[in-house]
Structures are given as structure tokens and as C-alpha cells.
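Could you have a look at this structure, given as C-alpha cells, before my questions?
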Amino acid sequence: MSMGYQRRWETRRQAGGSAADEARDSYYGLPAIHKPHWKWSIVLYFFLGGISGASYVVATLARLFGGPELRPVARAGRYLSFLTVIPAPLLLIYDLGRPERFHHMLRILKLRSPMSLGAWGLLAFSLFSGLSALTQAAHDGLIGRRGPARLLRATPDRLVGLLGSGPAFFLSGYTGVLLAATAVPLWTKNFLLLGPLFLSSALSNAVTALYLLLAATRQAGSHALERLERLDRLALLAELALLLGLRANSGPVIGRPLDAGRLGQAFRGVLGAGVVAPLLLQALARRRHGAIAQALRLLAGLLVLTGGFLLRCVIVFAGHRSADDPHATFELARKR
Amino acid sequence: MGIKERLRTHVGRVPNPVSEATRQAHARIRGAEVTVSVCPYCAVGCSQLIYTKDGRIIDIEGNYESPINGGTLCPKGAATYGLLTSPLRETKVKYRAPYSDHWEERSLDWAMERIAQLVKQTRDVTYEETDEHGVPVNRTLGIGHLGGATLDNEENYLIKKLWTAGLGIVAVENQARI
Amino acid sequence: MSVRASQGDGRAGTTGARPGALGFLTDTTLCIGCKACEVACKQWNQLPMDDFGFTGYSYDNTGDLGATTWRHVAFIERVSDREGRRPTRLKAFQSNWLMLSDVCKHCVYAGCLEACPTGAIIRTEFDTVVIQQDICNGCGYCVPACPFGVPALSLTDGKAHKCTLCYDRLKDGLEPACAKACPTDSIQFGPVEQLMERAKRRVADLHAQGVTEAYIYGDREVGGTGGIEGLNAFFILTAPPEVYNLPAQPELPQRKVLPAFLSTAAAALGLGLAALLSLRR
Amino acid sequence: MPGLGARLGRGGATTTQQSLADSDCIVIMGSNMAENHPVGFRFVLKAKTKGATIIHVDPRFSRTSALADLHVPLRPGTDLAVLGGIVNYVLNSERWNSDPFFKEYLTHYTNAPLIVSEQFKDTEDLEGLFSGYDPEQRRYRTETWQFAAEEAEQDHGPNAEPSSAPVDMTLQHPNCVFQIVKRHFARYTPELVEQISGVPRDLLITVAETLLQNSGRDRTSAFCYAVAWTQHTIGTQIISCCALLQLLLGNIGRPGGGILALRGHATIQGSTDIPTLYNLLPGYLPMPSTQAGHRSLREYLATEQPPTGMWFNLPRFMVSLLTAWYGDAATPENDFAYDLLPKISGDYSFEAMIPMMADGVMKGLFCLGQNPAVGGQNAVLVRKALANLDWLVVRDAYEIETAAFWYDSPEVRRGELRPEQIKTEVFFLPAALPGEKEGSFTNTQRLVQWHDKAVDPPGDCRSEPWFLYHLGKRLKELYQDDDTPKGRQITALTWDYPTKVLWDEPDLQAVLKEINGFTVADGKPVSSFRELKDDGSTACGCWIYSGIMPEEGYNRARNRRGDDKASLEWGFSWPNNVRILYNRASADPQGRPWSERKRWVWWDPEQGRWTGYDVPDFPVDKPPDYRPPEGARGLDAHAGDKPFVMLPDGRGRLFVPSGLLDGPLPTHYEPWESPVGNLLYPKTPRSPVAPLFERPDNPYHEIGDPRFPYVITTYRLTEHHTAGGMSRTVPWLAELQPEGFVEISPELAAELGIANGDWVVVSTLRGEAEARALVTDRIQPLVIHGRTVHQIGMPWHFGYKGYAQGGIANNLSALIEDPNSRIHEAKAFTCNLRKGRIGREGEHPL
């Protein structure tokens, strides 16, 4: 018997109920498919990878179109992107059953496998993110003035940023495709929504993180912060729409883990505290000034980031739950 | 492998990169010695093939030639390899002295001699030459024997011969009774 | 159960099995639930016993396919009717106590194989699907990518495992261990095309004998649906697939890859535009 | 085995597993064939694929039932009532009375036309008893059971049935066997059988009709049974009733017909042929007994040698056996050392041994591949008996419960007994397994197959021959100067087998040659038992195996050329390589095949001999129209249309004048422990002659004891083997059925508040066992005598060693025997069941 789910006799059974009764609605309630083994490290990877990619995009756009006010945004975005991408491969390797064979991920390139694409995409993006961060560091004089620093300063950072934005978007969104292309009912049922959802959440997380960083370090002016907040609002609204769409699209059986138990609470928490509440708090903050507004924005930012992490937890673990539910599997694969 | 071939097998929509180990894969019974045996479990009488390499059993399977099992086996028959190699298999003589609470390891020779002595002792004490009417019975009821239905015919023959004809042990019984 | 006729996609045959493909026909109507297949498989592949215990699931104490169980016999009791009456006149062959020896389906298009990022999972010269143990790094992506719940990660070696259709034996022209052991020929091994012909004849025979419920699971109508294009290891069943814990019309998960990427790209465009508009001076 | 032997002549299965594929109807009753003989069941499915009807008569819906066309549930212990109902229906059926085949088979091949003595009184007349019952001794005197003409010649002993007994070929004589049988079974109406067994009357009629439709010239039906028939106080009679029915239906000796006894161990047939059994010598020679008057060889032969039939050759078999065993010490002058052979004078069967040990009569015990601490009846008493031994030698591949009883038994675990209180000196000797030694097994169809040695056994593991040979050598040495009978007995024994290099392993080819038989003068093997002599010039260890080594070095058990017919070149089948016994009956009285479809063995008038696919189980040149001359002896006294060569008159016995201790005809009695009385014979509820072991540590439940309201039956699972020593220790099998359990119906579970998977305790006056409850519709309550009787099923494999453990079912069973076979009754007794545990949570079960 595979690991990870309880035997029925450890749970309550009814007196007089027979083995036949237990196999009436499903095969003793046993899962019809195997869920993945993914735990916190993968959830964290999804979260950090999302921020990394999205902050790179934001940095690039800020650099390209933001004018001088947004210079700090571009700078912070490049650093944030690089810092959050560093743990990504480590988290992935840690999750492997045979970590010493991590390099087998780059043995092939398989276009039908989101994970294979993801491995290459992560590699490519890391190069861009690293290059951009180093370039930024060179500009900022953090790595001296000569030798490589000079070379770096000479790189066309806007072009690099433009080219790197492809992989950056990819890294923020492919994880949704990775989940979608499985037999896990909750994920595959929402195959068109997961990528956009992860992308919009990544964007709001990245923007929020940048906002908090810049606000805390007083690096950016109020215009810059306003623009960031505008973007955050749009991303959050997109996320809200996608979350509601996801719940509706899942239906009563496949979507059950989004309603029931702790995961249900968490899902409602993501919606309420992670998306709706920040929107409201931001709106409130816009009508206030000074410390109150700052506190409201800080709270909103923290809620967004927490919600972003929680969202990935909910999607991953509710997926596990739906994989353990044979009714969800059968609902997905029922005769048409 | 050329670079072109390598690209073809390693990059693409669904490439199919076969490893060296896969190319080399083969059945472990290739080139093994084969011995014909009979399943030791029930009485259906399935013929088995025991594959050995370097004096070790590496596999036991059904024998296609048999008109009874035609290569097939039941779960017990299919587990015969496990019967011979289970981690619980005992390969040492164990001895428990009277009133002792533990096993002791003893040599096979010691055990054989001790058993022979005990048989003689018990037999000498309990031997009946005649019954109460003076009819020769030449037997002992002091020793009994159980087992035989999982042993070979030749073994049963030797048991019956030694115990009953040689030592007068009459309470010789096997699982046919149960 | 009645399986609806296929939508008629114009392709001949009931599966997309490649010529010369080898596979299993598991005919549950001949299965006596002896589990010889489970043991023969473990014996040949030297798989350890599972962490076991009494389940109460009829006579099934192994539960499902796993890293160390590559054949698994399911037991479903259908003895009484709703009023608790036990039958005496039974349908021909297996009835009322359903037993099925489940196994990797060796799909014509396999989710696990397409998911595998290392190329550990390959399609062999016999058209079977095998996880190369010298390559697998235990990423575990094949596990949820299988619509039948077949591959699983081993707790001991960290790698994914499943039925190899005895790849090593096939290389030496030997029959897979489970099919060889099966005492009642419930498990039959051979070229899929021949097995499919045999299965159709068998189902027709069963229908003639009053077993009108019998059908093939693993063609393009049921089991091998949604881009899977049929199963190289297929079954004859007499109850709806779900009864045996099998999905009726599963899909190849990788069918979702392209549309999912497209929707994500569209979202990227949208969000990128939103970002551009928000951030621009 | 006496069940088949008494009616047909030999105790072995009459047919082969392969022949089942030729059946038109297969009744599996008293057996769970798909589970316990899965590979044999292939042939049932082959028959089914060709259109045969499969009927499973069994209390439980098992894996066999799932593949059957009819499942006929019955209360455990009522098989004979059901069979009797079928016999009754058949005899009065339209088909049986209109198709001349049945009467032709019956009048020529069975003793149906013979006239029985006027003194015989049936159970019909005596309310469930036959004439000749001695209530004091609980046994029958058989004088009144004889045929009419014999009465004056009682002196000839019980086997003296002259072939000239009066017959009535019209079967009309009121005292002819046929009419007695008909009257005897008239009581077994479908209505009454339903009340006794719970089998609905229309279902019983369906079974009988199906059998009738599939029996006749062109069709044959087979029965498969196993220990669910033997393990009853009337087990022998259940089997004999089946033989009677198959004779009535003309199914014996024919392809696709017959009775297949399904044995549970690899060579349970072989260990009966070459018996490690107290009451037999090899080849079914009776063990000399003072109770039977076997004081000398002359007296032994006088009582046991019939004038006609195969057993007329008894002196040749016996003298050849004595010559094989005592060699030079066996001379014509000393009656071939007959005195050295021990004599029995009581019951020393397995069950009798347990009280002998418990009471200190038996002081030493060898267990060679048997596990009585789990497999023995009243296992609580068995373990108590083991603890009372001076010494115990266990030879096995695993440390089985019997070896570990002194420190790990439920009694020790519960603290009732401590190792320090147990005196038994215990030896555990690791044994070699097949694959590590060579030898032969005799399978369920009497087929002897040799297994070759592949590797040396590990460590101290040794084969049984090694152990016996070397122990024998040591004992011979210890006794070499002892000239009393006990010394001469062992020193006279021939024990000089050539040995092979490794560890001086005795050469089993030499042992096989001794079993086969050889001429003493030149040591050349005999080619058949027909060459055996009664003058000491031949030696033979087991006459029915003669021919297995017809020439030096040619071991026919090692023949490995099968085919799709009789496979005569695969192994060696006793007797004389015959595959289907009594196959003379596959031809009509004139020697022609009954039909083309059922052709097997027939008379070839041109060659003047019997021929066919099989070896004829008949004198090969005796023409069908042969009629014995006056005073003929042995097989010469049989006419050419009498297929049952072992029996004195060559006729299958519907009526058994001797050889069965509980009556010449099968009669239903209730199990010793039953929830209800006997509706057929209320005054005789239980077997009047079942041997009892009435002692405080073996109490019985009275009929209808309210404390023990449930019927329990014990059985085996596909995944395990007998007492578990060879399966609970093997990881791949242990995981498939990892714990002991009992099967109960949802109805009973609801009554007792038990959920699937709960712990329950099953109890009898002998002991208790705990297990998990498997609540399943496959067990059903039956309405018996108008009230609901609940049934409980419990696999008996489990014990306290190995990977898979569980409560011991035999803690519950009792010492009680069938009088003929001395087999116990574990398939039907009464018990109680409650929710809960004996031990604590987390402990392994008691």
C-alpha cells in the first residue's frame, strides 16, 4: 500500500456494515490516482520563483518605461529577483528522491513536459537574473569599478532585461501549467486558470514586496509608490477574478477541498485576507495620510505576501486532497 | 553516438533517450543452470524450474512442460523462492534445556548423539515385548512421531521403516489425519 | 454498463497500439483472485513486502499499486442484493465477487513518460513504458501525471517504480512473470493486436452466455481515451470501471500543456500590459 | 480415504485433474478448489469454457463460488443430507429410470443386484441405527450386514464375498441392494433436506437435474472434494455417499467423471500410500493388530486375505515387505521375522497421541515438518501435552510454534505458564527444503513426481533421509550388543544405503529401488507387483509403487514428457501408471466405448487386449465376456465386466458389507456439536460410533447449548499453507493475508454491534482465540429447523510465530473422530463470539 493515506480501520466504521458496503460508492474510498509527494519546499519554490520572475519583469518595465522616478524600482526589482531565485534550485534539489542526480534534469529537453521546460527555463532565467543583478551591482558600485565591473556596466541592460522578461514570465507562470498537466482533478480541471492565477499572484507579490522594500528604505518617491500600488491593485483584481473562476469551475465534487476543513478555511482566507482585504485596506489608505495610511499599507502588503504563499499552499494541498478523493477522479474522467 | 543522434534522442516533443543500462538489460536467468523440481506446497503437483548460478538459487518458476501446471503457479508456488530464502529461515541447531528460558546453539553432531541417547533411554524404559496375553507386540508407546505429508515418499518410507520396523514406535502419524 | 459508441474519429481499430506492441490482456472473468501475479511479480523483480496489516477490504490487503507492488488484485464483494438476499444462480465465470489484477497500463501515449523531465521513462522496443532506474532522480512528477495511479516513489531508494512488463525478460524472449504464473489465464501476454482480437471474441462469447455486462477496458472508448489512444495492458470487465477503482474516460494530462501555456501567455501579455500602463511615466 | 476405498476399492482419487477438462458438469463440494488448488482449478475453467456447468456447494461464498454457475449454501455438517437428497431425487427421476445406460452400468459394474441377508435391518427400521449395534462399546457387529448366500460361511472372514452370491438383475427383489438403497434414501426428500441443511428445495432439484442431464453414455460429471468432507465425525460416509451417487450415475472410471480428492499437502497421498500412519503398512496393508487377531503371520493372512480380487495377493506383498525390512533376518522358518514387527492394540492416531502425551504415556516426540501447536485439534491441550514431554525434536525450516511453545505460546504470554515450569528438552534441527534435496512427491491424483536437487542446503540444514539414516546408524550401534527383541528389532533392520559424498547423504535412488521392489538374489528391480513372491525371494517396500523403477537407474517418477491426453510419460501414477482408476468402466459391458466422446479404454477384439489412451486398470488380456470357472481365486474369480479389481467381487459397492465401522450405507448424523438435533432420526442425533475423548480438558458442547449458539467452520486461504510454517514466514505471502480474522455476516455483526475490522473473541469450552472481524455478505445465516442459525468462518493458519500472526483457530476445536478415518471434526462445531480482545492493544493476538 502506498504511503500517505490512512487505512480505513483506523477510522470509524459502523457496526454491522460489511466490506461490500465500504466498496459500494468507491473502492473502499481509496484514491484512484497517486498524489505527488510535494511538500513545503515546492510550495516555497512556487512562491519565491513567482516573486523572482515577476519582480524581474517589473524591474525591466520600470527601467524601460518608468523614467527616472522608477529607477529605484528597477534596481530593487533586479536585486529582489536575483535574491529570490538563488534558493529556487536548492529547494528543487532538496525535494528530489535522489538529489545527487539533480543534473539529470538537464539530460534532455522535452517540450511536452512542463517540468523539463521549467528546469531549462529556471536555468535560463537564473542567468538573466544574475546578469541583470550583477549589472545593477556594477552600476551601483558594489563590485568595484574595474575589470568585470566595467564590462558589466557596458552590457546593454535594457536589452538584457527585455530578453530576460520572457523566461521571467515563464518562471512565474509555468508552475501553474506544471500542476495542470497532471491527473490531479483540482489542477487539471482548472488547467486554463492556474497559470494566469499563479502569474497574477506572482505579480502582486512581487509588486507588494518591492513596495514594502522601497517604502521601508525610503528609496522611492511617492509617485513611484503610487504606480506600484496601481499595478498591485490590477494584479489583485485579476487574482480575485481568477480565484472566483477557479472555485466556480471546479464544481461541487472536485472543488470540495476548497470548501471543507482547514483547506477550505485557508482558501477563504486567501480570498478574504489575501486579496479582498488588501484591496480594501489600500482603498482606505488612499483616503488617509501619514502614519495611519502607512500602517494600512504595511498591513495590506503583509497580507498580500502571506496570501500569496498561502494561495500556493492551498492549491497544492487541495490538489493532493482531490487526488486522494476517488470521486473527484471519477468526476473528472466520467463518461461523456 | 553522434551529436545529431544525441539531439534526436534527447531533445524534442517527447524524446526517448535510452540509457546504456537499459540497452544491456537482460533476464538474470540467462545462462543459469536449470533443475526440475516439484512445488512443496499443496498436492496439485506443479512442476517447477529452479534456476541457479554459482551454487545459489536465483529464481524459481513454473515449468511449461508440465501437463498439470503448464508453466503456471499459485501464489504459494510462486513464493517458493521466498520459502527457501526468507530472512526467518533457520540454519542452525537450537537447543533448549529442561526448565530453561532460552535457546542455546549446539553442534549438529552433539544434537544427533543426544537425540540417539534419549531415544534409547525412553525406548528401553517403555518397551513392551508382549501384551498382557503374552502375544509378542515388540513396541514402544513412549515415543511418537508427527509429520510426513510435506516430506518425500522416500523420507516417509525411511521414517516408517526406522521408527516402526526398527524401533517399534507405533504412534507414527502425519497430516493425512488432519 | 453500456459503453457508448465512439465519436468516430475516422481511425481504424479500437486502439492506437503500434504494430508489434506487446501487452497484457487481463480477463477478470477468469480471475480467481489467487494473487499469484502479485507474488510472481515480486519474486522476479525482487520487490520487498509492503508495510502490511489487515484492512478489512475483503481479501485485499495491499490496497493499490505502489513502488513495491506492481500487480495488485482488487476485491469487490457484490454478493447480496439490496435486501441482503444472496444469489444462488450465478452468471457464467466470475460474478458477484469481483476480482481484478491491476497493473500498469503501458498506455499508447503515456502520461508518466511525457511528464518525465529526465528521460528516465522511455518507450521500449516492445512499445512498453519503462522507468530506467539508472536515470530516475525521484522528482516524482510521473506520479501525479498518471491518470491510473500507477508509478510511485519508493521510500527506500527515492526513485519512481512501476511495472516494467518484465523488460529484462522480454529481452530474452521470456513471458512476463505475472502472465506466466497466472493459473487460469486471466492474465494473457502477447502482441496487443492479437490480444485485442482475442478479447473481442471473448466478450462476444460472454455476451452469448448471458454475461451481457462484459466489455473491454482500454480501447479508445473506455480507459484509453482522451489522447491516451488505448492501453497496451487492457482488461475485460463486467462492472463499471469505477467499481475497480479505474477511471472511465481518463485523459492524457499533457493534452493540457499547450492550452495551459497559451492561457498563461495570454495572461502574461495582459498583466505585462497592465504593468506597462501602470508603471510608465 | 476409506470413503472411496470401501465402495470402489482404493482410497485414492479416481481421476486426474486434467480429466476435469472433459467434464460436462463439475460439482465442487467439501472443497474450496479455486482457493486451495488454484492450479488444479484451471481444468475446471477449461471445462467451463467448453460449456460445462460448475456447481459449488459450500456454506461460504468463496473464490470458488465466484466462478461457479450455481452456489448452493448449506449449513456446515449437512453435506450427507444434501447428497442423500440428490440420491433420492436421482433414483426417482424420469431420466434415471428411462435411460437404460444407468441400469446397465449399475447391474454389471456394481453390487446393486446382490441380495442382502434377511437379518439386515436398516436405519429406517431402527430409528437411525443399523442392525448389530452394541451400545456398550459404541460399535457395530457386521454379521447381519452380509449378502444372503454368505450367512452360512461366516468363517471366511469379513472379506469373503463369493462371486456366486445370489443376484437379481431386474433389481426388483425387496432385499436386493438397489431396493435397500432406494428405501434408505427415501426419507431424504427435498423438503426435509431443506429443513436440515438450509438448501432451498428447488435448488437441490436443480443440482440433481443438472447432474442427471450431464451423466449418461455421452456425458460425464465429476465431483471434487477436500477436507471439508473428511473433517466430520461422518466424513468417511459423506465421501462414500458421493461414491455411491457417482456409481448410480455411471460416472466412475470414465473421462470427465469420477471423484477427485483434493489433498492439501504436497504428498499427503504419498504419505498415506507409504504411510506414516499408525494403522497401515506401505501399500495399504493393515498394520498387524492384536485386536484383529494378527498374532502370527498365518493369522494375519487368514484374517486379511480374501479368496478373490486383488487382495488375494496379500501374502506376496506382506512377505516382500518383511524381506525388504528385515533382510537376512527374515526367513521362511521364522515367518519372515513377523514377530519383530510391532503390533498395535488400540488407537494411536494423532488425536489419541495428544492425551497419551498429556498423561505421560508418551515421553518423546518427533515433529518432522508438522506443527501441532497450531494445526492440532484442541491446540490448548496440544501445547499442554508438549509441555509434559521429556523431549521434543522439531525438524523444520522455520522456528514454528511447536518449537517455540515453551516461551511464546498464548499460555506463557498470558502468564499462566512460565518456561521455568516446563521440563521438555527441545531440539530444533534446521531442515533442508525441496530444491536442496531430491525425492518424490505423490500428488492429489496419485502421480509420483521426482524433484531434483539444485543446491546444497545452507548451514546445518539437512534432509530427512540424512537425519534418519544417521540416527538409525547411531541407534544400531547403541543396540549392537542387545540380544533381546528390542535389540534384534533394530539390528536386524536393513539399513545399508549407499551414501553420496556430501555429509554421507543416503542415495535416494537406492531407497526408491527398495520401495519399487527387487529380486533378492541379484538385486534387480521388479518391473511390476505381479513379479512379487511370497517365499522371500523378492523384497518390496511398497507394492503399489512397483514399476516406478522397472530397471536399474530408470526412475519413472522422473519421466517428463507430457501430452494433452493421459500424459503417461509424465511421472508415474500408481497403480501401474494408471491415470483414471477403474477405467474398464469407460467401456460398456461388451468392452466398447460408451460413446465416441467419452472414449478412454476399450477392448480391441483383434489384438485380444484392452487398449486406449490410458493404461488399463484391468487384466489386459481378460476379455469382456470372460466368466470365472468354479473355484477361481484372485482376479481370475472376476468376470470380464467387473471393473473394480480391488474388491472381492469386482463390483462397486452401493452397499458395503464390511470395511466401514458406521454402517453399510451413508446416513446423516449431526456434527457432534450442533445447534440442532437430527430431523431424519431424532433418536439418533449424532454418530453412534464416533470415537470420543471425554476428559476434563476436552469438553464437548451439548446439542443446542445456548452458550454456544453459532456454527463455526474452519478453512484455508489461497495465500497461506496449513499451519503457516511455510507461508506466514515468507514475506510475499505474509503481506497478502497479514493477520488472523474471522468472517461473520452483516446480520450477526449488527446483532452484536461489531464493525468491520473490530477485534472479536471466539470461544468454546476448549479455549479462545481473538481475531479481526471481516464482516461480509459471503457468510450468511441460514434458516434451520425454522430458526436462524448464524455461521462463523475462521481460517486456521494463524499462530504466534512468523510475519503474519493471529489467534489459533484450533484452540477452539475438540478431539473427536470419524471412526473409520480417525480424522477430527473441524468443519462444523459450535462456538460463541463476542466483541473485544483477550490481549491488549498493540500486542500480537492470542
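Points worth noting:
All chains are identified by letter, namely A, B, C and D, in their written order; residue positions are counted from 1 within each chain.
In this text, a residue touches a chain if its C-beta (ideal position, glycine included) is under 8 Å from a C-beta of that chain, and two chains touch if they have at least 3 such contacts.
Here the structure is a predicted model, which means the values were calculated and not measured.
Comparing the CA-atom centres of all chains against that of chain C, the greatest distance is found for D. Taking the mean of all protein Cα atoms as the centre, the chain whose own Cα mean lies nearest is B. A separation of 60 Å divides the Cα centre of chain A from that of chain B.
The centroid of the Cα atoms in chain B and the matching centroid in chain D are 24 Å apart. Here the spacing of chain C and chain D, counted between their Cα centres, is 45 Å.
For the pair chain A and chain C, the distance between mean C-alpha positions equals 33 Å. Annotation for chain B: residues 10, 14-15, 17, 60, 69, 72-79, 82 touch two or more other chains.
Looking at chain C, one finds that residues 34-36, 38-39, 43, 50, 52-56, 58, 62, 77, 79-80, 114, 119, 135, 183 touch two or more other chains. For chain A, the set of residues that touch two or more other chains comprises 8-9, 13, 18-20, 22, 107-108, 110, 112-113.
Residues 1-3, 7-9, 13, 18-20, 22-23, 26-28, 30-38, 57-58, 61-62, 65-67, 69-70, 73, 95-99, 101-102, 104-105, 107-108, 110, 112-116, 118-119, 165, 169, 172-174, 176-178, 180-184, 187-188, 191-196, 199-200, 203, 227-228, 230-231, 234-235, 238, 323, 326, 329-330, 332-336 of chain A touch chain C in their complex.
Of all residues in chain D, only 746-747, 749-758, 774-777 touch chain A in the complex they form.
Chain A meets chain B in the complex at residues 107-113. Residues 34-35, 38-39, 41-42, 45, 48, 61, 63-73, 200, 203, 206, 717-719, 731-739, 741, 746-747, 756-757, 772, 774-778, 780, 803 of chain D are the ones touching chain C in the complex. The residues of chain B lying in touch with chain C in their complex are 10, 14-22, 25-30, 59-62, 69, 71-79, 81-82.
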